[in-house]
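One chain, chain A, appears in both complexes that follow, with chain B as partner in the first and chain C in the second.
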Partner chain A sequence: MKNILGDRRAAFVLLAPALAVYSVIMLVPVVVSLGYTVFEGNAISGFEFVGIDNFVRLIGDARAHQALLFTLKYALVVTIGQVVVGYMLSLLYVFGLKRASSVVRTLVFFPIVMPTVAVALLFQQLFSIAPTEGVVNSMLAGFGGVPVDWFGDGGSAFVVIAIMDIWRSMGFYGVLLYAGLVDIPEDVLESARLDGASGWRLVRHIVLPLSLPVLISSIIFSINGTLKVFDSVMALTSGGPGTSTSPLTISVFDHAFTYGEYGYGSTLAMLLTIICLIVTIFIFRGSRRDLTKDGPR
Partner chain B sequence: MTLTRKTLTRGAMAVVAGTSAFALMACSGGGGGGGASADAFSVLTNVENAEVPAVLETLAAGACSDQADTLPLELETTPQTNLDQQLQLQAGQAALPVLFSAGNAPSLTAELADAGHVADFEQVLGDLGIADQIEPAAVSTIESLYGGFRALPFEYNVEGIWYNKQIFADNGIDEPQTFDDMVAAAETLNDAGVQPFSASGEQGWPITRLISSYIFRDLGPDAMQKVADGEAELTDPEYVAAAQAIADLGAEGWFGKGVGSIDMATSENQFLNGSAAMFYMGSWFLSGLNDPEMNQIGVENVGFMPFPAVEGGAGDRSQLAANVGLPLTMNANLVDDDTSSWLECIVENYGATALEQENRVSGFALNDEVDDVPELTSMVQQQVAETETTVLWFEALFSAEATTTSQRNAAPLVTGSLSAEEFMEKVQADL
Partner chain C sequence: MNTTQSTRMLTTSGSRGQRLRVPRRRSVNRFRRLPLWIAVTVLLIVVGYPLIWLLLGSFKSQREFLEEPTWALPQQWSFENYATAWETAGLGSALFNSAITVVPALFCMLLFGTAAAFALEVLVWKGRGAVLMIFLAGIMVPAQMILLPLFSAYFQTGLTGSLWPLFLTYTATGMPLTVFLMATYFRAIPREVFEAATLDGASIYRQFFSVAVPMMKNGLFTVGLVQFFFFWNDLLISLTFANSSKLRTLQVALLNFNGNFGTTQYGPLFAAVSINVFALLIIYLLLNQSIQKGLTAGAVKG
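Here is the complex of A and B:
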């Protein structure tokens, strides 16, 4: 085995088909899209070279700034929500439920398997106000409150989007972090308990530092996913009302395919790519420092 | 990093890949494939339109069965909100079907026509000798919208406010003649616990229709043409006043709760089950009105009135808003003997078949006698015959971007999230 994989030519030959498919489907369109940023036009009427006009327009475009702010806001809120709730769940599985946790884990994990559009339709009905009040509004009315038009305003629509995505992914992060938590040696926990640490102090001083690597990985994973959200927001609000819940991805879609401005759409896409790169580098830098600190024990 | 041969080779490969991709992309686009012939009579319509596919299938099985044997009918649908994207993608791949719904914004059809994708019916029908089968009023509406006879009027619609006669009678309201009368009527209805208006905020255009109707009544039938020509702006005070008038209706809560989430079907149902008293819609609604299962208030309780006049305005009630719905255009690259034969059969038979089967008033001539035309349909036909001047609608002369902005921000306008000035500013900025 080592002879085959050690031989570089053999490795390359085995990799070549997958590499070719990856290049054609992923890399070439990315390069072409970068090229589009200095053109303007669409598939019907052709393209013309416009130089840096798209970038100048991006700097002055208030709606693009609003989309960027929404993307960052969504990424921050949903990442924190997903990871924190997932971590709480994993603590519950390890310390609370122990053996019985497998059934609960599976049930809570289930929503991530469902298609995002199906979940969005479900939440549309849960939070609806017309023609019939959904479950949430019925409960509000039952407790003496006033039904709210959740999708009529950008702020409340954002709350629904956040709840939906956190509910959907918390099981996944729960399982991911659970795997990290069971790696903590039992004797470390025993000795900490013997020393008198319990409950919150145990978590804060022992469990949290030891599970930091998997926590960092979860945060990176989550941020990368949430920065690029498209289908759940599109299915729930289509970026509405107006464009108040449009992240950069929906903005790209609108400009490229609805208004026929492939060049400006590609410019927005490039902006999103740069944001993702910055965030990823930032987190990797931070995590590298932590990992080397905990290295030799 | 030392410049080894490996690094240079890798570097060179990357540069070659990048340049070739750049060149590929620069040369792409604009070239549509010509010369292909159709192997099926493919039709792409918006999914909300159930009638065109139904009538075409009837024709394929009946009057056009010979053509259907040569070139089978293939129907495809897409949601109307995705239609523009779908058309652009297919045009770019030279994969447009034989007949396809024109884009939401007429500007898209103009763009497709400039790129040579849209057939000119003046020529095609002229060659077939059937140019007289289209109603002149429909042709002139199409020409003013699409810059040429580029679409076929599978519908010819007039728009106005359908109202529930029973509810009006119960509350002692007469058919409003002016906008102020209608506002008073709405107030009476609201006090009686009836939702005055039903409109689909999710679609957006039922609300913007109200704005343009007010504009045409207040400023005259050429008011939106002036905006398109640059002689006036939507941010001018008199145009903003129209948006304000409609926003005021929403501020009173007369559109019901959660108007932004109400889709077309829900809005229609609100009127047809008697929850809402007034419903602005075009005469394409006849199929729902004449269907005893859908219409729960009864045909005899449905009234139609043109959008009321605005006191002191330059327009008047007789100027009905008319349109050709979302018409179908033909792929210029697929016009050949077989598809022309199909087209001829459709043009000659669609009018009578649609009227009989779907109660649809179209812009095609009626070549067969149709018995038992329902009461509401003949009422609409009469309105069409009596109308001399017609007006268009809010987004008729807008670009695709302005159309989307207008339709997406209509619901926030009536729920109060957006002021009338802000709404008009947004739309004007995208014109």
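Here is the complex of A and C:
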């Protein structure tokens, strides 16, 4: 009986198609991409060996530094925003709305399913100033403020990008964290309440420590996604005005397909990959330590 | 005061615990819940109003956009904007391009991915743990890392100019998450099921198609749904490989409405976005439970 489930040939046959597609289209390109970093050129004009030139260029490239900075700033702000707002939503669902939360949860979750391009076009109009005032500027004017040209400079455009991505994904993180919160045993909460803990103190000393594991995984998911942001920025500002809202991902795209510099593009992509790995390992390590210390779940 | 509060607290979050029935003073209770209702109302406006504004905008004329205040209702309910959007953006052919790449990619990804997960989780052989890790590593790789070599490869093999690059890239990039999730689901099935099937004389392939796949129906549905949204809403891969007007997918076609180019025709823009959003809303309303469950399970992809 062990024989049949241990049939190596069958295992190979079942595994082969997936492994072949995955290797040819993901693993090999990763290796080739690493190789590209010591070349310059593109698919049409051919490649030329340039040694470590791309890395030297990266160190002195002010625009790459700006892109790196934007990526990190975006990842930090949006990750904090997504997880904090999501956590507040999940607390609202569990302790505020209780059983009635299903309808609200369903509605607030919806934007994550919407196409990013559609959301971006919607936000362009919500925040537009001319020739027609969007809702946000109309509201500002209504409260006696001055309408803002949101996409006129990098700083305010960044605000819109951050608001948009938090708006899109807060319901998603709300549901993700909600799943963690409803797992907290009822008797633990009950005894804490009998001891007089309520409101903020209950959250701070009981709920927060107990939901730490799911909170940490949310942060990892979120930062892993925000570091790779492309669609929302591309559709909302295309990295503009100028390159002021251009993250590393858009720089890669620009260098490769606008300037035909696959080598330098790959170098930027490698930088991004390394950052993703470091951040994930860092957070994962940190969470492991905390888990063994507190030992909940 | 203190006692009413603690008894009220006892009844909170009663998703599982028994609910104590305590008579409460309604007016006090209602007053205390006021902040909650304000919070919920604000939340519903923040999420709902942009969508309603979008829908209303899709019926307005260019003149209304420029002259009327932005919260005004449309003066007539005509579907003219929808017809214009459909024609000028070529949404019909874009929809066709999206469907003809996403559906086959989903099918191949699910079939191959489930077979691989079956081989890695149910079958017993040396080195299967390592192969599973190789698949998992793919979840971390940013798409930018593979796009440039793929672009060269598709160019050299002459696939550029067709929808094959999109189909292949989707199938492959969906593979790690599919293998990972399906392996998780297979782990939950008792081994006795397959041992019994073996005793009944079923071959491995028979077991895969007649036992494993039917048992995985829910898992397949969930994973398929998650990946459908990833593929359908993808911009990066389709912008890279299907940028010509003939190959345009829905998202690339929509991107061309971007106000950065020329005078914006607001009505058709709102109509095109509405088509995209509200078509998905219908799917979402029908399947929202599975979608919420699936997307949060697929969160590992980030």
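What we mean here is this: the second predicted complex is superposed on the first by the 279 of 297 C-alpha atoms of A that agree within 3 Å, B and C clash if a C-alpha of one lies under 4 Å from a C-alpha of the other, contacts with A are read in each partner's own complex, and residues count from 1 in each chain.
Here is the rule we go by: contacts are C-beta pairs under 8 Å (C-beta built on N, C-alpha and C of every residue); 3 or more make two chains touch, one makes a residue touch a chain.
As the structure is a computational prediction, the values presented were derived from the model and not from experiment.
**Q** For A:V85, is the partner it touches chain B (first), chain C (second), both, or none of the two (neither)?
**A** neither
**Q** Return first, second, both or neither, reflecting whether A:W167 touches chain B, chain C, both chains, or no partner chain.
**A** A:W167 sits against chain C, while chain B stays out of touch.
**Q** May I ask you to decide whether A:Y36 touches chain B, chain C, both, or neither, giving the answer as first, second, both or neither?
**A** both
**Q** When the two structures are overlaid on chain A, which partner does A:P131 contact: first (chain B), second (chain C), both, or neither?
**A** both
**Q** Looking at the overlay, what does A:A64 touch: chain B (first), chain C (second), both, or neither?
**A** In the superposition, A:A64 touches no partner, neither chain B nor chain C.
**Q** For A:I216 in the superposed arrangement: first (chain B), second (chain C), both or neither?
**A** The answer is neither, since A:I216 touches no partner chain.
**Q** For A:A75, select first, second, both or neither according to whether it touches chain B, chain C, the two together, or no partner.
**A** A:A75 sits against neither chain B nor chain C.
**Q** Should A:L122 be classified as contacting the first partner (chain B), the second (chain C), both, or neither?
**A** The second partner, chain C, only.
**Q** Per the contact definition in the header, classify A:T243: touching chain B only (first), chain C only (second), both, or neither.
**A** first
**Q** Which touches a greater number of chain A residues, chain B or chain C?
**A** After superposition, C is the partner touching more of chain A.
**Q** Check chain A for residues that touch chain B in one structure and chain C in the other, and list them.
**A** The overlap between the chain B and chain C interfaces on chain A comprises residues 27-28, 32, 36, 42-44, 124, 128, 131, 238, 240, 257.
**Q** Enumerate the contact residues on chain A facing chain B in the complex.
**A** 23, 27-28, 31-32, 35-36, 39, 41-47, 49, 124, 128-131, 147, 149, 151-154, 238-243, 254, 257-260
**Q** Hey, which residues of chain B end up touching chain A in the complex?
**A** For chain B paired with chain A, touching residues are 17-18, 21-22, 24-26, 28-31, 81, 84-85, 88-89, 91-93, 108, 111-112, 114-115, 117, 256-262, 266, 269-270, 399-401, 404, 408-409, 411-412, 415, 417-418, 426.
**Q** Contact residues on chain C for chain A in the complex?
**A** Within the complex, chain C touches chain A at residues 5-6, 9-10, 12-17, 36, 39-40, 43-44, 46-50, 53-54, 57, 65-66, 69-71, 108, 111-113, 115-116, 118-120, 122-125, 128, 131, 134-135, 138, 140-153, 155-156, 168-169, 171-173, 175-176, 179, 194-195, 198-199, 203-205, 208, 229, 232-236, 239-240, 250-251, 254-255, 257-260, 266, 269-270, 273, 276-277, 280-281, 284, 288, 291-292, 295-296, 299-302.
**Q** Would you tell me which residues of chain A are touching chain C in their complex?
**A** 1-2, 4-8, 10-15, 17-19, 21-22, 24-30, 32-33, 36, 42-44, 89, 92, 94-99, 104-118, 121-126, 128, 131-135, 138, 167, 171-172, 175-176, 179, 182, 186-187, 189-190, 193-194, 196, 198, 217-218, 220-225, 227-228, 230-231, 234-235, 238, 240, 248-249, 252-253, 256-257, 262, 265-266, 268-270, 272-273, 276-277, 280
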